[in-house]
Amino acid sequence: MQTETKPVTQKAGKPWLSKGIRDHLVAYSFIAPNFIGFALFTLVPMIFAVILAFVKWDGSNPMNFVGIDNFIRLVKDTTFHKALWNTVVYTVGVVPLTMACALGLAILLNQKLFGRNFMRTAFFFPYVASLVAVAAVWNFIFSPTMGPLNNLLHLLTGIPIEDLPRWAADKDWAMFTVVLFTVWKNMGYYMVIYLAGLQGVNPELYEAAELDGAGGWKRFVNVTIPQLAPTTFFVLMILVINSFKVYDIFINLFAGADNQLNDSTRVLVYQIYNTAFRSLDYGYANAMAIVLFLIVMGITIIQFRGEKRYGQ
Amino acid sequence: MRFKKTWGMGLTVMLAAGMLAGCGSNNNGGTPAPAETPATSTNTANAPTEKGNDPVTLKWALWDWEATAYYEPLIKAYTEANPHVTIEYVDLGSTDYMTMLSTQLSGGADLDVLTIKDIPGYANLVKQNHLEPLNGYIGDSGIDKAAYGGTVEQIQVNDEVYALPFRSDFWLIYYNKDLFDKAGVPYPTNDMTFDQYEEIARSVTSGSGAEKVYGAHHHTWRSAVQLFGILDGQHSVVDGNYDFLKPTYERALKMQDDGIIMDYATLKTSSTHYSGVFYNNSVATLNMGSWFIATQIEKVKSGESAAVNWGIVKYPHPDGVEPGTTLGTITSLAVNQKSAKKEAALDFLKFVTGDEGAAVIASTGTIPAIKNAEVLDSIASIDGFPTDENSKEALNTFKTYLEMPIHEKSADIEVILNENHDNIMTKNTSIDQGLADMNKRVELVLSN
Amino acid sequence: MVGPQKKFRAGWKMLAYLALIAVSIGMIVPYIWMLSSSFKLNKDVFTFPMVWIPDNIRWQNYVDIWTRIPLGTFIYNTAKLSVIVTLLQLLTSSFAAYAFAKLRFRGRNLLFLAYIATIAIPWQAYMVPQFILMRELGLNNTHLAIIFLQAFSAFGVFLMRQFYQGIPDELCEAARIDGLSEYGIWARLMLPLSKPALSTLTIFTFVSTWNDFLGPMIYLTKTELKTIQIGLRMFISQYSAEYGLIMAASVVSIIPVLIIFLALQKNFVQGVASSGIKG
């Protein structure tokens, strides 16, 4: 754990502060700036939010403690179940697809290609642009009767336009549409993360593998993937969490004039938002948030353990 | 010691949270936050019935400051007569305005005068005790409820009223005279039944592709379609059974299938606004609220609206119902219960909702809540208002039904109705399924 | 390599390259559409069929966006917030991440898990308590509120920690033997080595602050404090949805972000991290 004793350039040290304690203080001092701000502005409200799950509150009148009533209500709430299901389906669709695209792109764009900077920027564009504008564009392209996509499909396949999927407005195709949209919008983001991770791979490892006679694919599997493990872990975790927390994308793509989502596109955070701010049931909404949190934490802990075992 | 450090931090955090939980809901709203601009007066706890002449700044919560014609004239008129008052507006945006307002108030924001945009949001604010009850003030200052044509009664909750209307809009049919002339079809009249309206729409529909002219246009709001069904006064949207809506939806879907109106799914996903299609001469008639009158007048003047020859007529009605029966929406003003400047706020409220305010509002082409003959005359004589007799007559209403009547659960009901409207019009479910779902879920909400 | 194998590889490379170009262009098409729409009248933006080059180019949109809403103020506000939040995040996150990645101390894993836990809760759940807290602190309607909300996120710590883990421990050991304090190691060793990660974090924090909508909407109700995203929404009113102006404002607001991205591109270059291992 410890190495040599610290050289004389350190202060002589108060006799009652052993080296171990000093090291701990040093470590805490690193964390402190971030943690203090974080604790005050994020952790404290969050703890309050957890407490909220056990009360009934409308945001203004005094709160009533109701114990686990809110959670019992969740068990029977079919709207909540559907929202949970929708969110899971969405996550399962988005995560692998995004990771594959992002990793593939990062590898391709890590090599010295002509116009590499242009292409990296092009793929990153969708992430950067304002969601309002981008969702409007996407909806226009995917418009059921007059959008270019359906018109093109009609030309290519001869199927009459009325019978083609209505994409964002269609309860069977809506999830597909939003998964596609999300992957398109975000793969640039994760591509950049992977690019950063790729920079950290020691090229000597590739040289060694090549000398051993490993072809491109083998090098990828035996050098790149293991070296990228921390990055992959990060990407996977953030992707899962962000997918479970999705809200803005659904609102901008589907919600229309009244800011509402229907059955096939209702996701968890939307349900939480609505329950709290439209139905004025903050306690119940926070109970949902706790469930969301537990699910995501569960997945995260599993991944965390996986990283430790795989990393070592 | 190191471990204790983490625990120590944890405990402090818990304590802080406990304190917050205690004080979160008990805010007396008296003291403004220190970081605010120091234009507020000292707390006027003295002289509760006098106006007082200490300088006072009122914060007015509203939406669409830039796009709305009457805010500035109202502020100007009031502050000229009351120079010690400054009015600062707080624009919360029109999307989800009521939710934003409720969140701001729950968080203790310093707002005095509140514009109330819709009934479900109003019901929520009343439930949360954010609004100052007004019956006392109304009695003391001699405000005559009858002048509001019954709209005050429509927003009463348990015999108390928490807001006063200053705008009362109602739904009309806007039509494009040029398109009718081109099709050789006589203009719509002030007395149309649903069947006649549909027939007119059909006969003026023509063309295809980019040249197509649609006979009618139903905006994506549920009120544009659903509320045809309540005009006979037999049903309301809060009574829990919606089977009466079947003929309404059947008609709407048929018009959609036959291409008389645009496809709902397309409209929704392309964010098409009702104003755009009217300006573009793509639709011959449009059922919409009276607020569009002022906008259309302005856009014709600016050249953005190509529908320069237009008119309005009364809403179509079911057989046997008096023409002039239509849907109404009320926009009102309320006072924050936790406001530190209630006197001043109430006085401003009285101004805006009273005769003087009504005159200012009417001069911008918007219909105030005090709707007497003079007011209607002044609107009809605005430059840009259609000059034909029918349009002027269309401003007279016989009876208005609220889009959503006041009800404790109106917010939840609104959600269910919107959802099923969407499902039915996109054909994601059949009419019967949609109505059954409405019945089932609203009943659950009502019995809770 | 053998001759025909080389050709085969070259062939695949060409194909992949062409595919990449095609897809990149596909990525850009929506932007071209946005650009084209920004020159149209609002009612013409969504007309069918798509008109790429409008008949009468409406330069007026680019004038209107500055006068209709105080876009200049909004851009300044957004830039100010983005820069401050990014700098703060970079500093405090990399500082904290070093401890999580390279130092051993009691409660390390638990604390880190706590950090990650907070990423998992959606912001809507604790939005109101946070709002009340900000009000108690007198920070409502100040830029400080947004700064405090965003600058101390767990995400930055997480990202930097993952990256630091990839830096071999031997380097740190060597530095300690050379007499550097932990702070010195952080400043002289970790920071320079982590340029790609720092660049990544810069881009993300900057973009997410730049595009943040809900935060400014709730905390900044005074017009002179608002940001670009709120400004864009102002074009969607009860009376109309002015998409021509929205597109024009969106085009203008992408430019600073693009500049940042292009400027940081050169840090994604191989070999930065591997120096120092040889020998």
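Each chain carries a letter (A, B and C) given by its place in the written order, and its residues are counted from 1.
To be clear about the criterion, a contact is a pair of C-beta atoms (placed from the backbone, for glycine too) under 8 Å apart; a residue touches a chain by one contact, two chains touch by 3 or more.
Keep in mind that what you see is a predicted model, and the values were worked out from it rather than measured.
Chemist: Ranking chain pairs by how many C-beta pairs touch, which one is first?
Modeler: A-C
Chemist: Most remote chain relative to chain A, going by C-alpha centroids?
Modeler: B
Chemist: In whole angstrom, how far does the Cα centroid of chain A sit from the Cα centroid of chain B?
Modeler: Here chain A and chain B have centroids separated by 37 Å.
Chemist: Whole-Å distance, chain A centre to chain C centre, using C-alpha means?
Modeler: 14
Chemist: Can you list the residues of chain A that touch 2 or more other chains?
Modeler: Residues 24, 28, 43-44, 48, 59, 136, 140, 143, 146-147 of chain A each touch two or more of the other chains.
Chemist: If you look at chain B, which of its residues touch at least two other chains?
Modeler: Only 2, 20, 24, 95, 103, 106, 270-271 qualify.
Chemist: Which residue numbers or ranges of chain C touch two or more of the other chains?
Modeler: 46, 48-49, 105-106, 111, 128-129, 133, 233, 243 - these are the residues of chain C that touch more than one other chain.
Chemist: With touch defined as at the start, can you tell me which chain B residues reach chain C in the complex?
Modeler: Listed in rising order, the residues of chain B that touch chain C are 2-3, 6, 20, 23-24, 33-36, 63-64, 66-68, 90-95, 100, 103-104, 106-109, 210, 270-273, 275-277, 279-280, 291-292, 295, 304.
Chemist: Which residues of chain C touch chain B in the complex?
Modeler: 41-43, 46-49, 68-69, 105-107, 110-111, 127-129, 131-133, 135-136, 138-142, 217-218, 221-223, 230, 233-234, 236-241, 243
Chemist: Please output the residues of chain A touching chain B within their complex, sorted ascending.
Modeler: Interface residues on the chain A side: 21, 24, 28, 39, 43-44, 47-48, 51, 57-63, 136, 139-140, 142-147, 166-171, 256-260, 262-264, 274, 277-280.
Chemist: Show me the residue ranges of chain C that touch chain A in the complex, using the header's touch definition.
Modeler: By the definition above, chain C touches chain A via 16-17, 20-21, 23-25, 27-28, 30-31, 33-34, 46, 48-50, 91-93, 95-96, 98-100, 103-106, 108, 111, 113-122, 124-126, 128-130, 133, 148-149, 151-159, 162-163, 165-167, 173, 176-177, 179, 181-183, 186, 196-197, 199-200, 203-204, 207, 211, 213, 228-229, 232-233, 243, 246-247, 250, 253-254, 257-258, 261-262, 265, 268-274, 277-278.
Chemist: Mind pulling up the chain A residues that touch chain C in the complex?
Modeler: Within the complex, chain A touches chain C at residues 1, 3-4, 6-7, 9-10, 23-24, 26-28, 30-31, 33-38, 40-46, 48-49, 52, 59, 108-110, 113, 115, 117-134, 136-138, 140-141, 143, 146-148, 151, 184, 189, 192-193, 195-204, 227, 230-231, 233-234, 237-238, 241, 244-245, 247-248, 268-269, 272-273, 276, 282, 285-286, 289, 292-293, 296-297, 300-301, 304, 311.
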